[in-house]
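Two complexes come next, and they have one chain in common, chain A, joined by chain B in the first and chain C in the second.
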Partner chain A sequence: MSSPIPLTAFEDRLLAEVPDTDLAELLRSRGLPGRRTETWKWSDLRGALRDVREPSGAYASKAEAPITLEGATVLTLKNGVPQAPHGVEPKPIVKSGEKVGSTYVVEDGLVVSFYDQGRDAEDEIGAGEELSALAALRPLMSISVLPGFTHKIVLRRLSDGEGRHGDNVFVTVGEGARATLVETHEITGSPFVNSRTELELDAKSVCDRFIVQTAASEAVLVHSSVLRLDEAKDGETVKLNQMTLALGAQLARHETRLTHLGESEAKIDALYRLSDSLHTDITSHITFEGEDGVTDQLVKGIADGRSRGVFQGKFLVQRGAQRTDAKMAHHALLLSKGAQINAKPELEIYADDVECAHGNTAGALDPEALFYMRQRGVPEDEARSLLIDAFGGEVLERVKDEAVREQLAALFHGGAS
Partner chain B sequence: MSQTTYKEGIDAKTVEQVEELGTYKHGFTTNIESVKAPKGLNEDTVRFISAKKEEPEWLLEWRLAAFERWKKMEEPTWANVSYPPIDYQDHYYYAEPKAGAKYESIDDVPEEILEDFKKLGIPLREAEVLLGVEGAGATPGDARTNQPKVAVDAVFDSVSVATTFKKELEKAGVIFMSISEAVREHPELVKKYLGSVVPVSDNFFATLNSAVFSDGTFVYVPKGVRCPMELSTYFRINEANTGQFERTLIVADEGAYVSYLEGCTAPMRDENQLHAAVVELVALDDAEIKYSTVQNWYPGDKDGKGGIYNFVTKRADCRGVRSKVSWTQVETGSAVTWKYPSCILRGDDSQGEFYSIAITNNHQQADTGTKMVHLGKNTRSRIISKGISAGKSDQTYRGLVSIHQKAEGARNFTQCDSLLIGSNCGAHTVPYVEDKSNTAILEHEATTSKLSEEQLFYAQSRGLDEEEAVALLVNGFCREVLQELPMEFAVEAQKLVQVSLEGSVG
Partner chain C sequence: MLNINNLTVTLGGNKILNGLDLSVPAGEVHAIMGPNGSGKSTLSYTIAGRDGYEPSEGDITLDGESLLEMGPDERAAKGVFLSFQSPPAIPGVATMNFLRTALNAQRKARGEEEMSSAEFLKVFREHAKTVGLSPEKLKRPFNDGYSGGEKKRMEMLQMALFEPRFCIMDETDSGLDIDALRMVGEVVNSLRGPDRGFLVITHYQRLLDYVKPDRIHVLAGGRIVHSGGPELAKELEESGYEQFASEAA
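== the complex of A and B ==
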């Protein structure tokens, strides 16, 4: 590659904390990903993080959960620090005579563990994956739904201040288990948050995952998700239904890297709504490693004011991943002059017996529909609002859980501010 | 035997035919003496080329400036292609057939060259055209013959050897000549437009071309003139180790129309040959340019040895209001293709179109697509790309649709379909969409699939053999693009689709 670039003071600072590995080498030669990084060209993280940020202090704000789930176990991270579950005694995790963490049996079949250390995610270091690898170095929080159990979990990530923090969460859903996992990003102030969720779905498991990020106009957020879906067993496939609702930040990136190891089904939907000068980047990279993987992806977005919406989707069908069935769609509305949408729906296919398709559209609200409604006496604001709700509704309708769907719809509607 | 694994339903005969593939029917070499520049590339090479072509000082300066820039540039690596590093000092940058380029009439053209043209068949159909030349000389507008009217400017290695139909074109006021001639005869036009669409420092390969371009075609269609015939240039790389760097410049003045056909072949050789062309199109108010390419350069043998590196920069500037440029390409050749014919839609209500069929087989690699840059109001663009991958080849559609803030009411439709034949090839789609206008409408769709076994079965049950059935289906798959080709090309392109896929099918 080309010669190393001069690093910013913040990059120097970060490097001082990174062990001397390939990741450090990559950061040293290229800096943080930004405009010049192919996979980040529309989300200039480097540019957004020029100033040195100190590690965040203790979380001092109060936040009301944007979404609740009846009967769920609520787990909380405050400025990246996992909070011990209420009313459960920790047991030490001992390795070679040394305590390396604590474990909590929260409920029957639900185990949460905190480890003092993360890991060197060597396998994940490529250009553009630095943030995910950086987060993997952080102390690990592990959540396990044991085989055969059904659990609902709300994982709240609360952030404030103007420093920087991150987290490293590992979720496993055991064989035949069912999990509903809601992850929130509730950010006040202007921190830089680098989150990571690794999610493993074992054979025959089902997981409904919701990621909800409320608006945070001054914050910088990167949330990387690394997902692995096991192959089918006894004729039963793993099913993942993921839905992201993102309401923007100074810069926000929600990145999903998913691997279909074999026959499995995934929905990787997202809905974003942006106003003012907010930014949101929905990036997904779906790899079909084995045969018979199915992904159905619907992403929709609305950009108002001077906001910028980014969608990057990629399907990688590896050699031999026959009978892959993959659909990707991204549709965006631009509501004002000055708003922008950038999209890159990508296919990389090395197997011939596959059905892969993507569609991408961008445009304004349908003037004819608006005209029709106004003709019927609906005021323009209301008509626009109705059309926008209908536009987003197509994604929301795919959420099966009614209570969750209604809360998401309300958040989406409220995102109009 | 074959390492290739095919799906069920593909019989051993097909696999055998795959093995046999790599016979390239244009792989002959004509032995005519040629004058070459010394091997390698330095300032002297640039001066040599310029002197050889008796160029004016300004053009030499232009070339030298480009060469200075090029020395500081890095070869691009972002495309999804891989090839061993190119030693730019190991190429000849100029070769001309020694017989010279001063043919007054077709009779003066050496027999070998004529023979060569005869062997080519696609897309020139030289016999008819050359017959046509004689007829045209005597009775211009000889419309009653069945011969298609195509004016040909042939580029044989680096020098244009024959220009036909010149008189009739002159009558219409159309300038159609080699770019070297144009530099001498119409310096003001060349100076005005050369490099105005693809600037000297545009990209690594275009800059290299600017420094060492050998010859090419110049077309100027004056105001309000509808060019009376299809214009055609025939490119062919003959000399071993010769890079071919042609430069094409087409200007359609206000209200003018021209349709231009470009066909390319090259002889079979073991080593890779470099081809870095630049094509610039300028369409002024209400002008229309239709540019069609059938590219059938030598793709290398079945093991991926040899073949042309085709690194081409093609760009159109729709400068005028209501101007229109349409690119149509059938890409079946070259070992490596790196090519993105683009349109800058500057004029209000201007239109750009890109229709492409790309077929890769054996070890071919193609990274091709288009850029549609919408600057003017109510600009429209349409992209239809059909990619067919077979053998061990890899193919990428890479495209950009960019709508600037001032491009109110802009409209784009993009469709990219890929077809995979066999389990060892790859088909990729990398579209970039950038929309900064809230009144634009953009639509993009892409699919990747294989040939339908049901359709194949149906066609075979009607008596077609497997190969014919596949050709029929692939032609159906490409239909939307084939129908955009001028009549003269359409039939041959269909045949070419069939030939390119010979034996690779399933």
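== the complex of A and C ==
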């Protein structure tokens, strides 16, 4: 381990609030992850958080949901604070005679619980995962879709101000259940938001997950997702279709850590669109622990102005994870000379009977197609816009729900404007 | 109609067009023939206004108005249409959406009323039938998975659809079988009229069996070195460009 570095005032402040565990030790020795951390070298969180930020006050803004889902239960976090579901009476959660939280049966088969405390996620602290562990210390909000039920949930994360807050959400989709989970980040102002979603998919369950982050030019956002996919049962596999639409922030990192415990299928797609000096980091780390895991990942991004897009994708195929089938592709369009794309695909394979593929490209809009469209009379801006929509369309086409797909397409088309 | 005067275009340090003069009056079809590398495609790109093909000297006017300061889309709205030698595929862009956007952008630029979806569909289907493109093909993204011949049919479909004032056909005949050549002839002949001009760029005489030109020009060394009537095509087919190429020097 490198020798301790001088900590910033903000790091000192954070440390004072963290229990004296491995996480504290880690923060003390190297501070927040940033330029000097291999897995964060293109997303300098430490640099973006030099000034002390006080805990956020009450949320005081109004925001219009960027995406709606018909028939969904809408849950809201305001500056990290879970809001009680409407019209449902809470029941206390009691542990050893003490009330530790409240639980709400929102609908048949959908239970939401708020706990007063989080947990020490020491087991998850590895290289650059301090943010996920820090978020896990927050009071826990749990959402359970009980076995066999089908539910649609929109989880809106509303943030404002200039302070800091975070959240710690745990979602379980029970055996044979089906869930559509839309998570939004709607940020105004310049807060530092540290979110965490832990998602457990039990046997035979299916989950469509959408993460939508609208542009927030002055905010710093880290959203860590920890996903576990159970192995197949009675010949039925767990299926996860995840799609992230990220429109940038001063610094935004959407990190997904997914484990295939055995035979299961995952799509881990993302689309980002950046302008001005916005930043987005799409990082994923997929571990194949058991046999027959399938991941199909398509990430596309567009960077204009002086923006920066980062893609880091890793497949770790453990010994014994035979017949893993893993595909990773990242393609980016650079629309200006000042824009940057950094990409790092990584494969680490310890099993011999696997199929792993990765592809990565970055380039400009096809000048041939652009000229052709203009020759047919389409003005340049419109031709560029059609080509950009077409580029992103390849990812959006993979979204099966038409209503969701259309809303995502409209958000993507609108970009950072 | 189209007048080109002393056109000089340099690409990558090489003078490709070297003081080219050409005049195509309204109502006429002119063919340009010439050896490989003589500047035929450069001429078509320069007229259409492709980036990087800005002339260092000379002028191109359509109906007396210079095209040089206009972008490709403005030239298209003025009625310049280029049938590409190798039309690109544009994955992800729906064919009909693209062409309706293009048609209405041209109309808007000319101050004309936009065409409704229903009207567009009707006209589009008619032309698709004429050029022999199946509705199934047209549901694909633009030129996506099209053969070379199908791409040329799509070019002809657009030429009929846009009803341009001036058509440049850059080696439209290359890679086409007899049936397709006949179709090209039909489209051109149906569009021929007193207000419209054509510049047909070709290597071979065979297209000119279907599209009878009023004049034929030989392009060599970046300029027109010889012009003549339709009979010139046969002469060129028999004795080649050699006799004229020396005139370019």
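The criterion applied here is as follows: the second predicted complex is superposed on the first by the 416 of 417 C-alpha atoms of A that agree within 3 Å, B and C clash if a C-alpha of one lies under 4 Å from a C-alpha of the other, contacts with A are read in each partner's own complex, and residues count from 1 in each chain.
Note that a contact is a pair of C-beta atoms (placed from the backbone, for glycine too) under 8 Å apart; a residue touches a chain by one contact, two chains touch by 3 or more.
These numbers come from a predicted model, not from an experiment.
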First (chain B), second (chain C), both or neither touched by A:Glu380: second
Chain B versus chain C as contact partner of A:Tyr350, first or second or both or neither: first
Chain B versus chain C as contact partner of A:Ala339, first or second or both or neither: first
Which superposed partner A:Ala369 touches (first chain B, second chain C, both, neither): second
Partner chain(s) touched by A:Phe391 [first = chain B, second = chain C, both, neither]: second
Per-residue contact with chain A, leading partner among chain C and chain B: B
Residues of chain C defined as touching chain A within the complex: 48-51, 71-73, 75-77, 81-82, 84, 87-88, 90-93, 98-99, 101-103, 105-106, 109, 141, 158, 162
Sites on chain B touched by chain A in the complex: 7, 74, 78, 405, 418, 420-450
Touching residues (chain side chain A, partner chain B) in the complex: 2, 38, 319-320, 322, 332, 334-364
Residue ranges of chain A touching chain C (in the complex, touch as defined): 366-369, 371-380, 382-383, 386-387, 389-391, 393-394
